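Going by the order they are written in, the chains are A, B, C and D; count residues from 1 in each one.
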Amino acid sequence: MTSFAVPFEVGAIRRVSCQLEFEVTTPAVLALQVAVASTAGDILGERLDVSVDGAQPAQPVSETATDRGGRIHVVHADPGRLAISYEASVRLTQEPPVPVATEDVVIDAEAIAALRQSRYCPSDAMAGFAAVELVDLERGPTLARSVAAWVFERLAYVPGSSDTLDTAVDTLLAGAGSCRDFSHLAITLCRALGVPARLVAVYAPGLSPMDFHAVVEARRGSGWEVLDPTRLAPRSSLTRIATGRDAADIAFATTLTGEVELLSSEVSTVIDGDLPADDHFTPVALA
Amino acid sequence: MTSFAVPFEVGAIRRVSCQLEFEVTTPAVLALQVAVASTAGDILGERLDVSVDGAQPAQPVSETATDRGGRIHVVHADPGRLAISYEASVRLTQEPPVPVATEDVVIDAEAIAALRQSRYCPSDAMAGFAAVELVDLERGPTLARSVAAWVFERLAYVPGSSDTLDTAVDTLLAGAGSCRDFSHLAITLCRALGVPARLVAVYAPGLSPMDFHAVVEARRGSGWEVLDPTRLAPRSSLTRIATGRDAADIAFATTLTGEVELLSSEVSTVIDGDLPADDHFTPVALA
Amino acid sequence: MTSFAVPFEVGAIRRVSCQLEFEVTTPAVLALQVAVASTAGDILGERLDVSVDGAQPAQPVSETATDRGGRIHVVHADPGRLAISYEASVRLTQEPPVPVATEDVVIDAEAIAALRQSRYCPSDAMAGFAAVELVDLERGPTLARSVAAWVFERLAYVPGSSDTLDTAVDTLLAGAGSCRDFSHLAITLCRALGVPARLVAVYAPGLSPMDFHAVVEARRGSGWEVLDPTRLAPRSSLTRIATGRDAADIAFATTLTGEVELLSSEVSTVIDGDLPADDHFTPVALA
Amino acid sequence: MTSFAVPFEVGAIRRVSCQLEFEVTTPAVLALQVAVASTAGDILGERLDVSVDGAQPAQPVSETATDRGGRIHVVHADPGRLAISYEASVRLTQEPPVPVATEDVVIDAEAIAALRQSRYCPSDAMAGFAAVELVDLERGPTLARSVAAWVFERLAYVPGSSDTLDTAVDTLLAGAGSCRDFSHLAITLCRALGVPARLVAVYAPGLSPMDFHAVVEARRGSGWEVLDPTRLAPRSSLTRIATGRDAADIAFATTLTGEVELLSSEVSTVIDGDLPADDHFTPVALA
């Protein structure tokens, strides 16, 4: 069934790119998370260009490793127009094995971190609600998928309806949100029900309009299955960028110091051949 | 049906009383709302005693009329032990007529006020949630009752589980609360669905443990029906004290200025004869 | 001093008007608060036109009296383009007497209502903060003015930076807001410090860009002084529309039932002669 | 100067212990963080006893390494009375070097994590407030210390005044809290001002009443200085347990699955010789 619904394109080449432009008004340090994760496959080629008013910044860009293969690029920029251009070609060398379900969630350090309440996923505040609202969802290995399906049914997808301070509580009350909000609500409910869950930034071929996308990884046995409560792109074509507790960890650009304003962003990603189908129930893992 | 389920005891005498003790540490002004509403029936006898360290306060207690027959008693107290004792006997002279249902809610000034978002009933924040969560409740005259039933089924009654800053959102998330919280959630959902609703402080024979009680009044036609989402006391035996948008308006004691701590409170209320039954669906109005 | 700083233009004519356009998608009931308060002066002429797709609505507009001379117009509209046009000419017949300061705030029913925590002014939640942050402000009759001055110094005026669910807490944290947010924060801090305060919607000649404006009324003795924490328009030229606890009570348009979207709004107001100066410290009362 | 104010007791033995009792009502998994960090010194002896109704649990306790030497013990417990007993003796082998100040904060992966908004430290929501409220604090290496001093001056230490869902915003508004709340507020303000900061659970000789304690680590150059906004215990005597973004990461006991209630906790910690003095300004690092 897995192979029918969500065929992985082992050997197929994924091309991803993004262009970001910022207005920097005081000397600033930014953390970028746009590069594909080191685990995402064979990186056939990759380029990251950074310029301020057309010139290279004085201080070179540095790369810092973070969770699950994530790579943060730290950029020091003087005031001016900061332009970021990234592109990469990645070949998936093998299909990530679908994690084997177990009756109980396996508790290790990763799982403990993914059970904790976080900035936008305050699972501690939502425990009472989750227990009653989702009392009819079957416990066990399919619970996270049922939660993602509940979120899909429940929320209206309205990009721009939320703001950056919104938590999963705000999303629940509003009944609408963007991909980030859908995933935050699913993660919060999973954690409140005892299922470790975390957020993954991805390049998502087929997403329309094209943009950075955010999906959920939920613990399945000792591995992780990927879930997209928006159902906007097939999961087997996603390419991982960053992995974290919620949007605080995986933003494509974070201003660490200084005054910076995002002027524009453009994302593109294509995959060789046709986009696979996705029923959004079959377990899929992400490289 | 009405007369079967919730017989009013016209002519029966209701006796209510409360004793409150406060520690006043700086000169203070308190607003008390413990006296029965002027509309609650014939007040056969009534007494309000106020003392600080056993002596009458220098400034006499004044009475101020408020909404729906409510009476606020303003107390000026110097530092010391402030003791409040109230008792009254009330005879209901006629059964308050059950309001006649209409297809649409009648919009007048009272209804507009009872549709507005308020401190503990932020219906504006919960509009999206209410629309989806309660999509299956039949619209029309029975909607408020269905909302109260949903709250009754949904929440666990756990006195002491909430704090005074909690709104209906906190109650929804926690899944538990006291009578105030049950009513706040029902009011918020009613307003979010277009039904005017407000909070009423009452003496409630049969409540156990005995205390001040808070119930909901929801618009029915051009009148108001009383609903108790806790189902802890029969509605036809309730005696109205104060009426307002939420707990901000009907607290039994509000410190307007100064430092005051409540040390103890004791409430009692009895009604002649047996307590009536209440199915909590038949429409009942409150005098 | 009063007559120097903020001369009232007794006899001068104020002309106010607004045009509102809404898209009504399901049969709707709206509460409009655009008409000048009945206490605002001699209404020399006034006109309120309502049309849906160019035709008069089937159900006539009704007027409901509310607090402090406010007038709510209830509009029933079928789906279509709803156009509202209002204009009035008002002559101030006498300068509203500046309230006489007293050492203690006078506590009556109006004052008690204006001390209560409300939807956007959660003074109960901010009591600890207000006591410490504003410990140096002199208590007594000038306290409300000092609070308004603190808000003026503290916040950046950034229309559009807030959203309709924001409370005074959000404004405090953001450090920025619109006139509504400035006033909400001042009101909340006043209440937390024991000074009754409320919100007033006004026509404000001199405001730029022109729009509906919101200012504060704070208790002074047994009266009310008007304060504008934004200092964007002279207080003596304001014309009162609606008065309430916070924006929940004084919105120029509230959708009571149905689906309605505001498409455009235009406000204009002029006053005979030059705009008066305003030092924003001299006590001024509003008719 | 350092040696005067906050002498480290190299070679001195620290003895720490705690006893916890829980009521487990459904099969549960707990994460304990009570063991001293592996970096805290030479662990001379250590014992962790776990029993349910007096018997060892069927599944052995496992240890998981976490950030900065932290050790999580995962306990699987069947229903019954769960008793945890931990004790350790630690000898500090060398004084942790005080980090060297640099003009700019050094940005590495640890610093980036400690700049992120988190569950109880929503620095994104408080950025506007921090910029204006703390505008007079000198920027540079002393900023974190000034923030901690501001929190010390600002808040009242009132254990029990907060609840477990409270964030730094709630603490700021209430003006009071426990050690956790003091540290959360300091961390949030530091991050909002661009200084990486995180929370450390410690054993704190001299704390009264004795309990688990929580303090702040703020980035200084490429290291971390420890700050205690409560000033309740000398920093040089603290022994690190766990390190994280906020209380979500360092709780002494977290229920991962199942129903568990804490019945009692007892903490003790002593240090050879007299407690050192602490001026709470001299930079101190934690082993």
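Keep this in mind: a contact is a pair of C-beta atoms (placed from the backbone, for glycine too) under 8 Å apart; a residue touches a chain by one contact, two chains touch by 3 or more.
Since the structure is predicted, the reported quantities are computational estimates derived from the model, not experimental observations.
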| said: Rounded to a multiple of 5, how large is the rotation, in degrees, that superposes the C-alpha trace of chain A on chain B? | reply: 180
| request: Indicate whether more than half of the residue numbers at the chain C-chain D interface occur in both copies; give same if so and different if not. | output: same
| query | What chain is the most remote from chain C, judged by the mean position of CA atoms in each chain? | reply | D
| Could you state the distance in Å from the CA-based centre of chain C to that of chain D? | 47
| request: For chain A and chain C, let me know how many angstrom lie between their CA-based centres, rounded off. | output: 44
| field | For chain A, residues that touch 2 or more chains besides their own | value | 125
| Interfacial residue positions of chain C with respect to chain B in the complex | 29, 31, 64-66, 72, 74, 104-105, 107-109, 112, 115-119, 122, 124-125, 164-165, 194, 248-249, 254, 256-257
| Which residues of chain A touch chain B in the complex? | 125-126, 128-129, 131-132, 154, 169, 172-176
